[in-house]
Amino acid sequence: MTESIDIHPIVFPPEVLARISPDISLQRHLSLETRPCSRGFEEFRDVAINDGNISRYSTNCQNATTNNIIGSSLLRSGKTFVITSITGGIIEETLPANNTEDVGEEELMKLSEDTDRLCENSTIYPVVEVQRGRVGGPTDEEMITSEKLYKTLLHSGILKKTALAVSCGIRRTEEDGSVTTIYSDELLDEEKKINEANNRKWSYVLYAKIQVFSRNGPIYDLCWNSLISALKTVQLPRAFLDERAADLKIAIRTRGRSMTIRETYDILCDPHKSLPLKLNEGELCYGSNYGIIDIEPLAQLAKNDDEMDVDKPTSVLLADIETEAEESSILSTLSLTTNKNGQFKAATIIGGDSKITPEMIKRCIFLSKQRSKDIESKV
Amino acid sequence: MSVQDRRRILGPAEAKPLQFAAITPVRTVENRDDGNGNKSGKESVFISTDLVTNANGSSYLEYMDGTSDQVLVMSSVFGPRPLRGSFQSKASVSIQFKEVTLEHLNTGEIKEICTFLTNVFNAVINVEKYPKSGIDIFIDLIQHSNSNPTEEANIVNILPTCINSITMALVDAGIEIIDLVSAGSKDNSVVAFIRNGHEIVGIWSDDDNVTDISKLIEECKAKYLVNKQTLVQYLK
Amino acid sequence: MHRYKMKPFKNFPQTVIPGDLICPIFDVDDDNKQEVVIRFLTGTGCKQENFRVNGKNVDIIVATLKGSVSVEEVPADIIEDDDQEDSENTTFVESHETTGGDASSGNSRVIKSFKVSVSNPSKFASKYVDDQFVNNLPQEGDIVLARVTRISLQRITVEILAVENSPLPIDSGVGSNGTGIIAAAGGSGASTFSVSQVSADLGETFRGIIRSQDVRATDRDRVKVMESFKPGDIIRAQVLSLGDGTHYYLTTARNDLGVVFAKSSNGAGEQMYAIDWQTMISPKTGVAEKRKCAKPF
C-alpha cells in the first residue's frame, strides 16, 4: 500500500463524475477546452422565439372566445423553454389629492422627488414558475427572479404609464335594440362631451405568468427575454362602459341622512377591437449571463511535456452558463441586460472566488451587445 | 390585503381582470357553423418525447380534432424519488394537473381529475418494483381550445389526451407499466382500457343520461383502439 | 438472445413495448433427444401476469418497459446457492424462489432456468453506473456512491447519488460484485439530471445510514467516526438493507469501500488523494487527514 501521491485513485464514467464531483468534472472539461454542455467558452445557446399561438390575438388562435391572454411568447434556448402569457386587468386610477396646505404632505413630496420620475414608468406583475417536479410555494429562485423582472422593467422605462391608459368608450343601445360602441378617439367633437363629463380614469394592469421548463441554468435572462418578446405581442383590448351605466348615481337615505353613491360599474372589453401596446422601442434590451472560473492546475488532465511551457490563462470566461456542473462550481457571475448599442438597463456582477478583471468585464460587454443584437433579430 | 401572498408579486388588489363582452351573435353563429362543418374532420395526434430534460421522462401530445378543437398536453415524470416517513414496500403514485396558460378549471375539478388519473395509473404502474419511493407525474395543459365551452365537455375532451400523454411519459421514463393505457370518450364519458380493451382501468362520466353502459363502453373501446394504435405506432 | 438456438426462443420478440407478451413461464424444448423443460424467470422490465386463454389461466411474462429482450441462462447451482456474500450473481437470487427438488430429482427431464429481461439500449447499454434510479433503486447488496451529509459518534448519514451496477446481466462481472468500476469507455452521455434532482435541500435524494460498527471490518468496536468520514466526502458503500422509511442501511466494511473523494479542512481545502487505507493527502499543500479510504485500485 505505498502508492505515490500523483495517482488518481479510481476512474469514474463522465456522468458519475459530474454527479459526485461537479467541480472536478468541470475542470476536466475546461482543460480539454470545452464545456460540459460541449459548447465553446464564448458560445451561446441558440435561441428561438415565437408567440406560441397562445394569445387570443395570435394569428392561428383557435379559442378567441374563451381566451383572455393578450400577449404571449415561447422562447427556446437550447433544451430550456420558457412560456410567457400576459393577461390584463383594469384599475381605476386614484387621482392625486392636491392638498398643498398640509405640511407633512409637502415634505413627503420632496422626499419622493426622485421616485417621481419612476412614476411615469409602469411595469408588469410577473409570477415566475420553474417546473421542477415539486408542488407547494414558490422557491427562492422564483421569488427573486419575479422581483428582479418587476424592478428592472419598472426602471428601464420600456413601459410608460401613458401606454396603459384606457381610452374608454361607450356602448349605446339604440331604440331598435342594435348595439354600437363608440370610442373617444373616433368620436365627433360634440359627442366628446360625454366623456369629459365622466372624469374618472382607468388604466390597464398587466400580469405575466412565466413558466420555465427543462431548467438547466440560470433563468433570469431567459425570463427577461421572454417577457420582452411577449410584451411586444401585447394587444390591449378596447374597453367601454355601457351607456346606461355611464353616469349612474343612486340616492340613498341611511339613518336620516341622504347621500348619493356612484355605482362602481365594470368596464367591459371589446372582443374584436384592440390596440397594440406602445413600448418605448428605444429602450428595449435583452439579457445574457457569464461566469468566470479559475483553472485549477491540479485538476487538469495530463498534457504532453512539450505543452507544459505554454502560458495558459489562469481563469476563463464562459458565456451563457448551463448544466449543473457550471452552475454549482462557478461563483463569479455577471448578468447584463443591454441593447445592441450598449445601453445598459441592468447589470449584476457577483464576485465569487474568481477574480473579475476589467478586461473580462469589457469582453462581457462586447459579447452581451452581440447577443442582444442576435436576439433582437429573432424577436 | 391582510392575507396577501407575500411570495408572489400579485399587483394591485383593486384591479379587476379584463372582462370581455359577450361576443355578438353574428360571430357565434359563424363559429358554430365552423364546428359542425368540421365534425367529420380528420383527427390527428402529434407525439414527441423527452422534451423536458430535468424530468426522468416526458411527453408532449397535440391532439387536433378537425380544425376547431385542439388539446396540447405535456406530461413529465419525476422519480422514483425517496419518500419520507414510515417504510413503504410499494411506490406511491401522485399526479398533479396544471393549466399553463389559461386558467379555466377550478380547484375542485382539478382535484377530481388528479384523483381519477391517479387511480388509473395505480392500476398499471408496477408499484412493487419501487419500494420506499414516490413517482410524481405532472401534467401541464398547455392549451385547450374548444368550440363548445361547457365545463363538463371540457374535462371529457382533455382526459383521453392526458391519459395518452402520461402513458408516453412513463414509457419514456422507463417506469415499469403492465400495459399501455389509453382511453376513448363518448358524449360526456371517458373509459380507460388496457389489454386491447379486455380490462377497464377507469370510467369517468359526467352524463346523467347513460342508459346502456355496455354500449357506452363499446363505443369508447373503439376509440381506445384507435388511440392505442397511435401510441404503438409511435413507439415501434 | 441469439446465443440460444433452442426452439422456444424462435418466437421471442426482439423489441417490445409495455404490454407486449414475451413468453409463457414454462416451455418445452424437444429438439434434442432429451426433453428439456425451460422455466423463465422475470428480470428487469417484465412482469408475470395471469391471462385467460381459451378458458385456461396461463401465466405469461409481459414486458413493462420499452426496449430489447435479453435472455440469460441461470445456472442451476446459482439458484440453490444460499451463500450470497461473494456470489457473482447476487442480484439474481432475489428474483426467484427455489425450484425445489425437480431439477435434481434425476428423471429424464432437465429443467433449465432462464432469466428474461427488457432493457432500453439507448439509455442503459454500456453504462456502468445508472444515475437515474429508475428500475435501479438501491437494493440489498448494491454498491452505491453517496455523499456524507452528517456525522455523529454513532452513525454517518449520507445521501445516495448513484447506484453502481448495471441493469444488464451482461456486465455483471464489473458492476454488481464490486470488483471496481474501471470503465474504459463509460456512458453514452445521455444522462439528464438537474439541479432539482440532486440538491439535498429539496429532499430529492435517497438517504442512507452507516452505523459506526459498519465502517470497517476489523476492530469494529473502536471505530472513530470523526477519523473515518467528514461531511462532504464522496464514498462508496454497499447496501445492507432497505432500512426504515427514510434511510437505507449501508456498510463500508470492505477494502474497496470507503471514501473516494474528499477535500481537506472539512471540504474547504483542496482535493485529497489516498495514500493508504486510512490517510488522505493533498498533493498541493501536503495536508494529511484521516479517512477510511476505498482501495484505489
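Note that the chains are named A, B and C in the order they appear, and that numbering of residues resets to 1 at the start of each chain.
Here is the rule we go by: a residue touches a chain if its C-beta (ideal position, glycine included) is under 8 Å from a C-beta of that chain, and two chains touch if they have at least 3 such contacts.
What you see is a predicted model, and the numbers here were worked out from it, not measured in a lab.
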item: Closest chain to the centre of mass proxy, which here is the mean CA position; value: B
item: Selected interface, A-C versus A-B, where C-beta contact pairs are more numerous; value: A-B
item: Computed distance of Cα centres, subunit C from subunit B, in Å; value: 35
item: Between subunit A and subunit B, centroid-to-centroid distance (C-alpha), Å; value: 30
item: Distance between the centres, which are taken as Cα means, of subunit C and subunit A, whole angstrom; value: 46
item: Overlap residues in subunit A, where contacts from two or more other chains coincide; value: 132-133, 215-216
item: Residues of subunit C touching at least two other chains; value: 193-196
item: Multi-chain contact sites of subunit B, meaning residues that touch two or more partners; value: 53-55, 78
item: Complex interface listing, subunit A residues touching subunit C; value: 1-3, 5-16, 18-21, 24, 132-134, 215-216, 298-299, 324, 327-328
item: Interface residues, subunit C side, partner subunit A - complex; value: 127-129, 131, 145, 147, 161-162, 180-183, 186-187, 189, 191, 193-196, 198, 202, 234, 260-261, 270-271, 273-277, 281, 283-284, 293-294, 296-297
item: Touching residues on subunit B, where the partner in the complex is subunit A; value: 7-12, 14-24, 27-28, 31, 51-55, 67-70, 74, 76, 78-79, 96, 100-102, 104, 136, 138, 140, 142-146, 149
item: Contact set on subunit C toward subunit B in their complex; value: 15, 17-19, 45, 47, 49, 62, 64-66, 120, 123, 132-135, 137, 192-197, 203-207, 242-246
item: Contact set on subunit A toward subunit B in their complex; value: 53-54, 61-63, 65-70, 72, 79-80, 83, 85, 87-92, 125-127, 131-133, 135, 137-138, 143, 146-147, 150, 171, 179, 205, 207, 209, 211, 213-216, 237, 239-240, 266-271
